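Below you'll find a set of structures to go through.
The following pair of complexes shares a single chain, subunit A, combined with subunit B in the former and subunit C in the latter.
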Partner chain A sequence: MKWLRGGGIWGFIVRRLLLGILVLFLVSVIVFAGTQALGDPARAILGRDATPDRLAALQAQLHLDQNVVGQYVQWLSGLLHGSFGTSLASQQPVSQLLGPRLVSSIVLVVISAVISIPLSIVIGSYAALHREKKFDTIVSNVMLGLASMPEFVTALLLVILFSTNIFHALPSISPVPPGHRAWEYPDELILPVATLVIAVTPYVSRIMRASMIEVLESDYVEMARLKGLSERTVLYRHALPNAIGPVFQVTAISLAYLAGGIVIIEYVFNYPGIGSALVDAVTNHDIPVVQALAVLIAGLYVVLNLLADVATILVTPRLRTRL
Partner chain B sequence: MNTRNAAIPRSLSAIRDRLAEGAQMTERGDKIWRVGESRGEGNPDGPWSLSRRQLFMGAGGVVLASTLAGCGGSAPAPSGGTNTTGAAGTPKRGGNFRLGVTGGGSKDMMDGQNIVTKPDQARLLTAFETLLTFDDNYQLQTDGLAESVEADNPKQYTIRIRDGIEFQNGKPFTADDVIYSLQRIGTEKNGLTGFAATATMDIKNLKKVDDRTVRLPLLSPDSTIPQTLASYTFGMVPVGYDKFSGDVSTQIGTGCYKLKSFTPGQESVHERNPNYWRGDGSPWFDTVTITDFNDSTAQLNALKGGQIDAMTDVPAGQVDSTKASGVGVLISQTGGWIPLCMAIDMPPFDDPKVRQAFRLIIDRQACLEQIGNGYGQIANDLYAPFDEGYDKSLPQREQDIEQAKSLLKQAGKEGLSVDLHTTNGAAGMVELASVFASQARQAGVNVTVKNDPNYYGDSYLKLAFSVDFWGTRGYLNQVQQGSLPNSPYNETHWPPKSGPGSNFEDLYHQALAETDTNKRIDIQHQMQKYEYDLGGYIIPYFNALIDGYASNVQGLSPSKGTLNLAGFGHGFRTIWFA
Partner chain C sequence: MSQTELPTENAAALVEGVDVPTPAGRGSNLIRRSLRLGRTRVGLVLVGILVLIALFGPYLAPHAPDAFVGRPFSSPGGGAALGTDYLGQDVLSRFLHGGLDILILAIVSTAIGLVVGLAIGLIAAYSRNWLDEVLMRTMDVIMAFPQIMLALVAVTLVGPKNWVTITAIALTTAPRVARVARGAAQPVVERDFIGATEAMGMSKARIITGELLPNILGPMMVEASLRLTYSIAVIAALAFVGLANDPNAANWGTMISENQGALATQPWGALLPILAIALLTMGTGLIGDGIARTAAGIDRERGDE
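Then we have the complex of A and B:
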């Protein structure tokens, strides 16, 4: 297992990237096999209009006349050339169809992450520092409550509270018009972002709290305190970097979950992202779009996990020096 | 049940075709030999009276000119006919009308003669108009692009279009455009929804008489031609027209709004056509924006929150809470229906006693309450309630479990088990199957519901027992679509090949060719009697359309037609902001 070591952090990144590509390749095989199981897409698309000649024409267009391996190679080579094919439902290139939606989804996830991660770290740390005091007790219980609420309930409660029934302050839906970007409509982003922040923050802050408590009880923090370092220095120089490692991990998983799982948010707020595109594509048997989205979401998981691992290693001297 | 948002099936071209076909709402009425400008008296009877009784027998002679007597009041401009909800005040110009529609997706399209999703229906109506029109009372009117459609003889019609109509780009609307439009629909490879309805037209031999006159020869007599020409998928397009494929300037019709931008699955924006031909100040909005919604919850929230001005298909269970929040609700009783379909040549339904028993098992009132939340009208296993030939004299069937049991016993089918196939197609299809299954248990019949997402692709029309959906239509037109051996969507495999009812197709042709209204109604009654006694449909109720609109939207009124929001405010022409 020698090749798994050496090269410092860059060697690690390169190795992980190669592994990531392997994972994506395997995912592409599974996705392809999975979409095959949907049955003959040409027949499904044509439905009652499946006359023999139209069926043959569509099958040729979809390369269904080749054998399965041939079809896969065809698709993969398109993918490697950056072409996801043409959507069956809209006859547009998949990249053109998904590009703006991908941007919208990323905007939503990134803004939510930028808000929820620092927020969670602050809440978790503060709760850990004042363990079993009033703040900790209240926040822990509130977080537990929020964590147990499904996102769509949160979303609907926010809508009822802020836009339809009690206050009429914020838009209840966020349909980014085509040709515009999500950030051009900041007021429409508030409720979806708030929903995602409420969905993610409880998990991350609880992990942060637990991790911080563990660190604060460790020998080296006690040592630092005994050395007579200020509590500030103890916290920022010694405790926080060690406590934050697990937070990166749970954040990465939460964000990856959001990327695939914001479909409910997109439904409630009529937000044009990739989640609703995926649902639409599955109901339409729009196989090129389904495949493209599955690979994209898998890619996102790989990249986010890689980033989390790199971040964890960078903040953990023990791991850093082992490379 | 609150799945109104599923009212439009999401996939499969089969359902798409069904949607558009069902939506053609070509009501068969009289034998109309001449559809002229003249209008008769208003029809004062309630929504269920069938009103085209007041006929003017024409000048007689060979042509048998029984002029269509328009009913249901004056032309629907601008306030749209009867029971106008917000007709107070005169129409005002201005504003962006934002409409939220469910059922769309990336397969949305724009074509003056074709639709795949519900937002496509709204989009089509922004820009394209038909030669003849239906009013809110589902009566044919000549306030469309044609000033008259006359039958010269049973096998030839003459269409005369209005003078001075221009397309949105200033091009005059002429006979050439009419011929191009009809031939485009009548060409099978174009795959347009109206194709089946052109079967009797001799499409190749359409002839231009002069710039405003077209001669339409028929292959066989067909008195439903005027209704066909009033179907919304028979929009008039300019010569050389093709569907939207990226260039908004190709979508030129004669209608109120001109396409400005369109992104399938998201929204389309339409701007006011300042040269609209009616000259009554309409259209009133500056722009119309049609937005796709995935979900009726978001749609309702947007309407309550003021981000849209109207929406399609409010879930029936939420009508009261919607009203309470200050939003208007438009309830339109339509002739749409969701039948249970028994194939009369497949066991166990090849025994008429079993069909009879099943028709006695169903509790129609309970279905209406549980599935339609009471919004609808009880049916009697017959379709086309707005047709004047609808036989109201046949006794209303009621649930009778004892008799059903005894019929099943006579047929030797006690403890029968059957599969009932359904799909998440139109709203209520799955619910009807479940409700019926639970009602059947009382009669000792074990019904297993099979909810199959590929229903319309794979097994449709080949099943012994299934659920389907249809829109508003006239009787003979519906027969042509679903109850003849060569009908495209004959779920029940009607009519019988021998015995009583086997002359059903002959009767149909007799009715099509019969010029005397009363005689034709007699023939239709005979046909309905056969279907009532021996047919394969169980029709629990006719459903209503429930739409929502903001309190400042004026001019909406209930309509008997198939399309939402009274035909989307008659092509967004008869509605305005207060």
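Then we have the complex of A and C:
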């Protein structure tokens, strides 16, 4: 596909943006088709013993009396104007319902990222500098074990360790009361954040280690050492800035992965974010909320991946010439 | 999205959505060679023990999984070696009955996802034209839905049936496999022997299955164990949030949520299944890493494992 090449860095960014918009559009079509167009959501919500007039009322509320394309256009234009419909369970506007929860989830993810990224860079670099030594071996095995476990199992093991069975230091659930903000309860944030950090750090530190090893074996680091520069200068001025590129990409992918990972973690800790909202909406058959969350989480994934690609290009000069 | 445009492909095999470059290595003796690594053996032992528990547990259980043997949450002793659960059923018996469903669902859904993903990835890599673009961009769109989210939504709309779970997990596994398969097959497609088989007039299907596939078995085995690890996680998580096929059946995921409330007083009901899932996934993770290291040909990480 020739037209996909050329244009330098701006051409690349524009192409990635257009591709991202296309993917988002297709995501919205799939979400809509999956949740509304297939089958009869009104019947799925009300169950088998629904009275005809309640069914008709709900069908009108969901705009099911129009044709499919009309329904989609109406839903999509609502999305674009920030109106996600009305929750069936609480009869509140979905945006009003999800707004504070989205903030709570972002708080959780941002704190986790702020802790786990520097931690991963330090662990990964240290392991690379002391390759095959004790620290490296132990860390690599522990990380591998932690990375393999499902997040909810990690979360529960932390609960067992720190709040119910061994120590009783931390609250085992994090139910921030409505009207309050998550950061007003820092002790309730510790275990959810720890779970997310444990879920992400293995991946990012692994990439950092691999990237660091590659850089340390490169000719220019060899050259810097031969010039007689101190090991400290070699490390901080020459190796680290070059090794850090892939970390951006993996961090963004990990964050995108967290968009899915928080679903179960929030449920475990009863934390009022978008993840537990999804589980609630799913159990209540609250279709408008499910639709909004599906588009939101998938959209987050697309945007984060896009940022990752652009950031990687920006921090890796040699890639720019290949555009 | 298309990380395929970027040569940062020496990224993690363990991260979702990153292409893995090809560690060369042939299939059958790769597993044998990987057994020289301690971690593969540990992984194999862990998986072996838990698979045996899941398979033969139901025959060893002292009670029926739904028999009431005491008061709810009574401590170990009497008729129940590890105490009773939230309804007064025997924890040990329910644990021994609870692994099979998760294991079967995980294996079946991963296998379907692998076959479909492999086919798509190989066809995309071999075609090298618009078909490649269309297939891989379609995979990008599906990948925008996190596995657990797609599974949750599918189960809401259709109901907590086994086939829904299997379809949802296979559907979300396939694009991730397809990406790895395509990434691994691309350099192979460029090699001379593929051109030679084309010149000999071999059919495309034969080239893809007979020539391409054997050359990417190494990375695909790594991918298989990785995907199995994720599938176990999603299936256990679905049961944990109460969306198992049969909410009353003994199931490790369901058991955890049923007995989680009594962790402080009668921990066995939740602890046993938590440990089982943790060790099972650690085992598959260790095996995958062992094979990856062996396939890479060096016993050290270069990011491509």
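Here, the second predicted complex is superposed on the first by the 297 of 323 C-alpha atoms of A that agree within 3 Å, B and C clash if a C-alpha of one lies under 4 Å from a C-alpha of the other, contacts with A are read in each partner's own complex, and residues count from 1 in each chain.
Just so we're on the same page, a residue touches a chain if its C-beta (ideal position, glycine included) is under 8 Å from a C-beta of that chain, and two chains touch if they have at least 3 such contacts.
In this text the structure is predicted, and so the values were computed from the model without any measurement.
K.L.:
When the two structures are laid over each other on subunit A, do subunit B and subunit C clash or fit?
P.N.:
clash
K.L.:
Which touches a greater number of subunit A residues, subunit B or subunit C?
P.N.:
Result: the larger residue contact count on subunit A belongs to C.
K.L.:
So, does A:Ala89 touch the first partner subunit B, the second partner subunit C, both, or neither?
P.N.:
first
K.L.:
Can A:Asp219 be said to touch subunit B (first), subunit C (second), both, or neither?
P.N.:
Touch partners of A:Asp219: none, neither subunit B nor subunit C.
K.L.:
Which partner chains sit in contact with A:Val159 here, subunit B, subunit C, both or neither? Use first/second/both/neither.
P.N.:
It touches subunit B and subunit C both.
K.L.:
One more residue to check, A:Asn270. First (subunit B), second (subunit C), both or neither?
P.N.:
First partner only, subunit B.
K.L.:
Looking at the overlay, what does A:Asp280 touch: subunit B (first), subunit C (second), both, or neither?
P.N.:
In the superposition, A:Asp280 contacts subunit B only.
K.L.:
For A:Ile313 in the superposed arrangement: first (subunit B), second (subunit C), both or neither?
P.N.:
second
K.L.:
Identify the residues of subunit A that lie in both the subunit B contact region and the subunit C contact region.
P.N.:
The answer is residues 39, 44, 156, 159, 164-165, 172, 267, 279, 283, 285 of subunit A.
K.L.:
Show which residues of subunit A lie in contact with subunit B when the two form their complex.
P.N.:
39, 43-50, 87, 89-92, 97, 156, 159, 163-165, 168, 171-173, 175, 177-179, 266-270, 272, 276-277, 279-281, 283-286, 289
K.L.:
In the complex, go through subunit C and note every residue touching subunit A.
P.N.:
For subunit C paired with subunit A, touching residues are 1-3, 5-8, 10-12, 14-18, 39, 130, 133, 137, 140-141, 143-149, 152-157, 229, 232-234, 236-237, 240-243, 256, 260, 263-264, 267, 270-271, 274, 277-278, 281-282, 284-286, 289, 300-304.
K.L.:
Along subunit B, where are the residues that touch subunit A in the complex?
P.N.:
10-17, 105-108, 191, 245, 261, 263-267, 291-295, 297-299, 301-302, 304-307, 325, 454, 456-458, 460
K.L.:
Sort out for me which residues of subunit A touch subunit C in the complex.
P.N.:
It comes out as residues 1, 16, 19-20, 22-23, 26-27, 30, 34-35, 38-39, 41, 44, 131-132, 140-141, 144-145, 147-153, 156-157, 159-160, 164-165, 172, 202-203, 206-207, 209-211, 213-214, 245-246, 249-250, 253-254, 256-257, 259-261, 263-264, 267, 278-279, 282-283, 285, 290, 293-294, 297-299, 301-302, 305-306, 308-309, 312-313, 316, 319, 322.
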